[in-house]
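What follows are several structures.
In the two complexes that follow, chain A is the common piece, with chain B as its partner first and chain C second.
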Partner chain A sequence: MKSKATFKTLLVASVMALGVSQVALAQDTVKIGSVLSVTGPSSFLGEPEDKTLRLYVDKINAAGGVNGKKLELVIYDDGGDANKARTFATRLVEDDEVIAMVGGTTTGSTMAMIPVFEDAKVPFISLAGAIEVIDPVRKFVFKTPHTDKMACEKIFEDLKKRNLTKIGLVSGTDGFGASMRAQCVKVAPTYGMQIIADENYGPRDSDMTAQLTKIKNTAGVQAVVNPGFGQGPAIVTRNYAQLGMNNIPFYQSHGVASKSFIDLAGAAAEGVRLPAAALLVGDKLPESDPQKKVVTEYKQAYESATKQPVSTFGGHAYDGLFILVEAMKRANSTESQKIRDEIEKTKGFVGTGGIVNMSATDHLGLDLSAFRMLEIKGGDWNLVASGS
Partner chain B sequence: MAEFLQFLISGLTVGAVYALVALGFTLIYNASGVVNFAQGEFVMLGGMVTVFASAAGVPLVLAAFIAVVVAVVIGLLLHRLAIEPARGASAVTLIIITIGASILFRGIAAIIFDKQFHKLPGFTGETPIDILGAAVQPQSFWVLGGAAVVVVALYVFLEHTLLGKAVLATAANRLAARLVGINTTTIMALAFGGSAAIGAIAGILVTPITLTSYDVGTLLALKGFAAAMLGGMGNPVGAVVGGLLLGLLEAFGAGYLSSTYKDAFAFLVILIVLFVAPQGLFGRRVVERV
Partner chain C sequence: MGALLNQRFLTLAVLAVVIAVLPFVFPSSYYFRVASLVWVSALAAIGLNILMGQAGQVSLGHAAFFGIGAYAVAIGPTHLGIPPWAALLIGAALSAVLAYLVGRPILRLKGHYLAIATLGLGVLVALVISTESGWTGGPDGMPVERLTLFGWRVSGSYTWYWVTGALLLVGTWIALNLDETPTGRAFRALHDSEVAAQVVGVDVARFKLQAFVIAAVYASIAGSALAFMNGFINPDQAGFLHSVELVTIVVLGGLGSVVGSIVGAVVLVTLPQALTMFHEYEHLLLGLIIVVSMIFMRNGIVPSLSGLFLRRARS
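And now, the complex of A and B:
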């Protein structure tokens, strides 16, 4: 009996102690939430995002935090499942009471989480690609990655300069490929592009020679664009060379903007052009480039901390985190509403993805200059001088 | 004509892979009545182990050999640790076990290897060969030739060796096979090991063309299963014909009809075939005696 009473006292005491310590913590830390697809099919996006956030939150805290307060990062892994993402979003808002959120690896999970953050009036900086995230503009939702529409525009801009207007599309039927294909078809008339061949392939298909043969035999195709993601574009590129189509200019999307694409496609990748973020060619940027400093520093920090090659996806997380941190500094407050207002006022923020100028009507804030047109030469990326 | 040849060869190449996966299904199905949905993971293992072994400096031939051995060991373990303990269970239960095993293998592969795509160099270069205007990767011949060798070897084994006949006997009637002194457990293990080897060989042969990653197995298993059903589950000839046919349907569907609906087209044909001949093209008619 006695021991039971002692136990009770102990329990009460420890609960009180816990409560006290939490109060103490709450005063000098501020919670930032994140839901990422660290595992699952989108893990190649979520993993670098996760590592980037952890790396830089530690760095920020080591340097004294933001406005004298340490950041506490709460990350949940949705495993690529939009349902789980929504549950975690609710938990972030209701239990963890985060002041803002940087996360949402895929468009699917982002769209599922948006209503939660809109209702709770907590700013949400998404790391997802699709334009639906910020179009129409929602009060509390922002995003950092370029949209597929911008990639199409960048490619068409380059084609226009080369006086090539009759193009063939060969697109993956996965979410990325299908969405970018739709955007390309939509913006093509604006740039005077005529899509005269339009083929598709499954995301796990292992041979695309049939589709490419069809395009090859379509009279008048002046260039081919391949909106796609993963291993598909690498196989398309290899089949493209196999069929001897190298005399027709070939464009990939930013979806393949990683070194592994060059490795996988091998010699077949020579001469392929693609729009990509400055991060990929940090060392090749001229010293005068405003992004040079931030991209080389991020690349160096990420690669030395994780021993993995840098990816644009981690860069999106970097941009999201620092847009938020700078807004917090300007707001000098931990109130979600004030931070939201300051995020929207972000001007001239130099990130890894480009120079961000947000406004009440533009919650992305990037223009086409955020993309660099690259050409693969000698197994490496090369900046294409404009107009060549 | 060049166009037709191009579709034909790409269809045959992809079809040969489906055929090898379908053969793996067939072998295990024959011995145990189980459809092994971890078959695709053997293909993945063949490719991934070869990639990583050769990246570690092992010569390609040896790396390929290691990959086959690894796959066989895992096939035997699958049988010993998961299938054998549940031998009294119904076929459906065993099939569910294999699905679980495939998820497990995929997860482990994602951790041990990585989640990136990998390639192997073509065994005999990568300069396309021109055949009457169709550009063919040299590796295609390796895939077709390799598939042919596997099929012939399997045929000789099943029809002309005592052990092979024991497999067929087990397939025909397990109880009767046991009564005439065949150790059916060993036969089952043999079937799992053999089909793991076939899967791994398929994986090694196609990686230079299709690339590989920890999760290539899922779709291949699905396509291989469809091919096996089309040809008639349990019939090795049917598996090969079904696989090649499925590959050709996809290639010609994409080439002459619509690339968007090529898979739908292929599966539509399969549905029609199964509707007309539910046991598949070469399937045995199953007679239930009451």
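And now, the complex of A and C:
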């Protein structure tokens, strides 16, 4: 009988000890959540994001963590399904009790997750492109990638310099292409641009000759812009060369800013211009460039850890993570509300995407200088000198 | 008849008890969210099962009706100022009308041809939804206004757990009853042999069409419920992969078994959540579990297991 009682006491004590040690453990770590499209049609975006977050959270922890606390990263894969993303977002907030979230690969999944984080008052730094994410401004939602509106503006700015005002659009009907097309149409008048041809293609089409022929036959087209994503723009670029349209300046978007675009489009990509982040041309930036250090370090770290070429998409995750980490340091707290306030106060943060200056009315904090105008020459990206 | 009635009543009672008891074991609202998703998927699957399991027809484009229901409650209040609850009914009516109009010609087809025709319907609807971005927000989707009933704003995981649970109970009750009506028996006759059914005087074309319309309405209401619950909708919900998911739920749970559709939904919705710990092997394991259960339980989970228990009980 007595031994039984002793056993019971021991059991209770050990359970309590276990509980105590868990509490202690919980105090030493803070949880950061992420929902990414690591698999599925958007995996080319989600995979580098996933690798970047894991790589840098390990690095931060190896260096002692944030405010003396280790970061614990919880990543879920939504497979590109917005409904799944929504469920995982609820799981992060309710079950894992994360203090903040860096994720949301696509605009669709980000938009589906926003209500969860807004309701729970947990800061959410999105990695999605479209401007809807931060316009209208939502209290707890931020984002790091340049918007499609900025890409249009950058292209139009370049066109204006070259005195070209009559343009043709050939856009993908996927989320990225459709959203950017709408933004281009909206900002065109501000730059004195006239859209005199407006064609579409499906995201899985394998030939866009018909649409391009129509643009070619539209009298007065001085330049063509292709808002699109994935393989479509590479096919458009090839068709463009096949139709002998190279005498008309051709602009791609930041959506194709990865080496695989040049590989896919081949020689047809020569002379194509596009707005992109400094990360793509890190080695070509002048030493005086404020972003030079950040982008070359990130490129080196990513490529040596993953043995894969760096992409701007992973860079967005890098920016999101460090905007959050610096806000946590400034807030010196793990309270979501305080971290949110500090994220909003981010000023002069040098990331891979540009220099971030957020405010209560701007939850992106990038201006047009974040984009560099590039031209493809000799199968590589080249900076277009301003004024040419 | 009395025994049958009891069995039906028992099934319904067990389901009601499960729905009522689960909240006591759920540690956080995340579980309510997952359970609500199960109820919604189960509702759509029960409808599809009336078409596939009872009437023996196939539909590979069923997510189209799910999408119509979902977009009806998104577009109606946003663009046309229709009250959300009315939009739900309009969506269901639209789905029924579309199923009726499209069903008349395509249900004359059989087997693979019918499968292809329904597939085409699904692809068409998904295409319209993702292209008409002025109305539907395009591929990025659109927000959905919250449902308000008599001034009560229906939102939050807890609330939706009960709303979807109630919808599932009603859906289950109708499907169980349908099975025992002349219409249900006509469906079964169709399933076993269309020729024989025709010989005994079943109006084959009419009953096929009825089953198709009923299945469309179930999917539409499930779609509306999901759209309200998420407050956001995108074209994936109307896409081919979602159609395949619905068919998988029905076949995995057991063709013709109402409880099977619910069990199928439980498996297919909760497994991906449970398998996240395996990280990169998640999809591999999910596929493996489905393949293995189809090999060892060829008639689906519920019919196979209940058959096993009956045999055990007899011997």
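Just so we're on the same page, the second predicted complex is superposed on the first by the 367 of 388 C-alpha atoms of A that agree within 3 Å, B and C clash if a C-alpha of one lies under 4 Å from a C-alpha of the other, contacts with A are read in each partner's own complex, and residues count from 1 in each chain.
Basically, a contact is a pair of C-beta atoms (placed from the backbone, for glycine too) under 8 Å apart; a residue touches a chain by one contact, two chains touch by 3 or more.
Every value quoted in this text rests on a predicted model; they were computed, and no experiment measured them.
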item: Partner chain(s) touched by A:T173 [first = chain B, second = chain C, both, neither]; value: both
item: First, second, both or neither for A:K84, with chain B first and chain C second; value: second
item: First (chain B), second (chain C), both or neither touched by A:L243; value: first
item: Partner chain in contact with A:G108 - chain B first, chain C second, else both or neither; value: second
item: First, second, both or neither for A:Y201, with chain B first and chain C second; value: first
item: Which of chain B and chain C A:S288 touches, first, second, both or neither; value: neither
item: Which superposed partner A:T209 touches (first chain B, second chain C, both, neither); value: first
item: Touched partner set for A:A234, first chain B, second chain C, both or neither; value: first
item: First, second, both or neither for A:E94, with chain B first and chain C second; value: second
item: Residues of chain A contacting chain B in one complex and chain C in the other; value: 173
item: Residues of chain B touching chain A in the complex; value: 3, 6-7, 10-11, 13-14, 17, 110, 115-119, 126, 128, 135-137, 206, 209-211, 213, 215-216, 218-219, 250-252, 254-255, 259-260, 262-263
item: Contact footprint of chain C on chain A as seen in their complex; value: 39, 76-77, 79-84, 86-87, 90-91, 93-95, 106-108, 111-112, 114-115, 130, 132, 173-175, 178-179, 182
item: Chain A - residues contacting chain B, complex; value: 41, 43-44, 47, 173, 199-202, 204, 206-207, 209-211, 213-214, 217, 230-231, 234-235, 241-244, 260, 263-264, 266-267
item: Residues of chain C defined as touching chain A within the complex; value: 27-31, 33-34, 37, 130-131, 133, 138-141, 143, 157, 226, 230-232, 234, 236-237, 272-273, 276, 279, 282-283
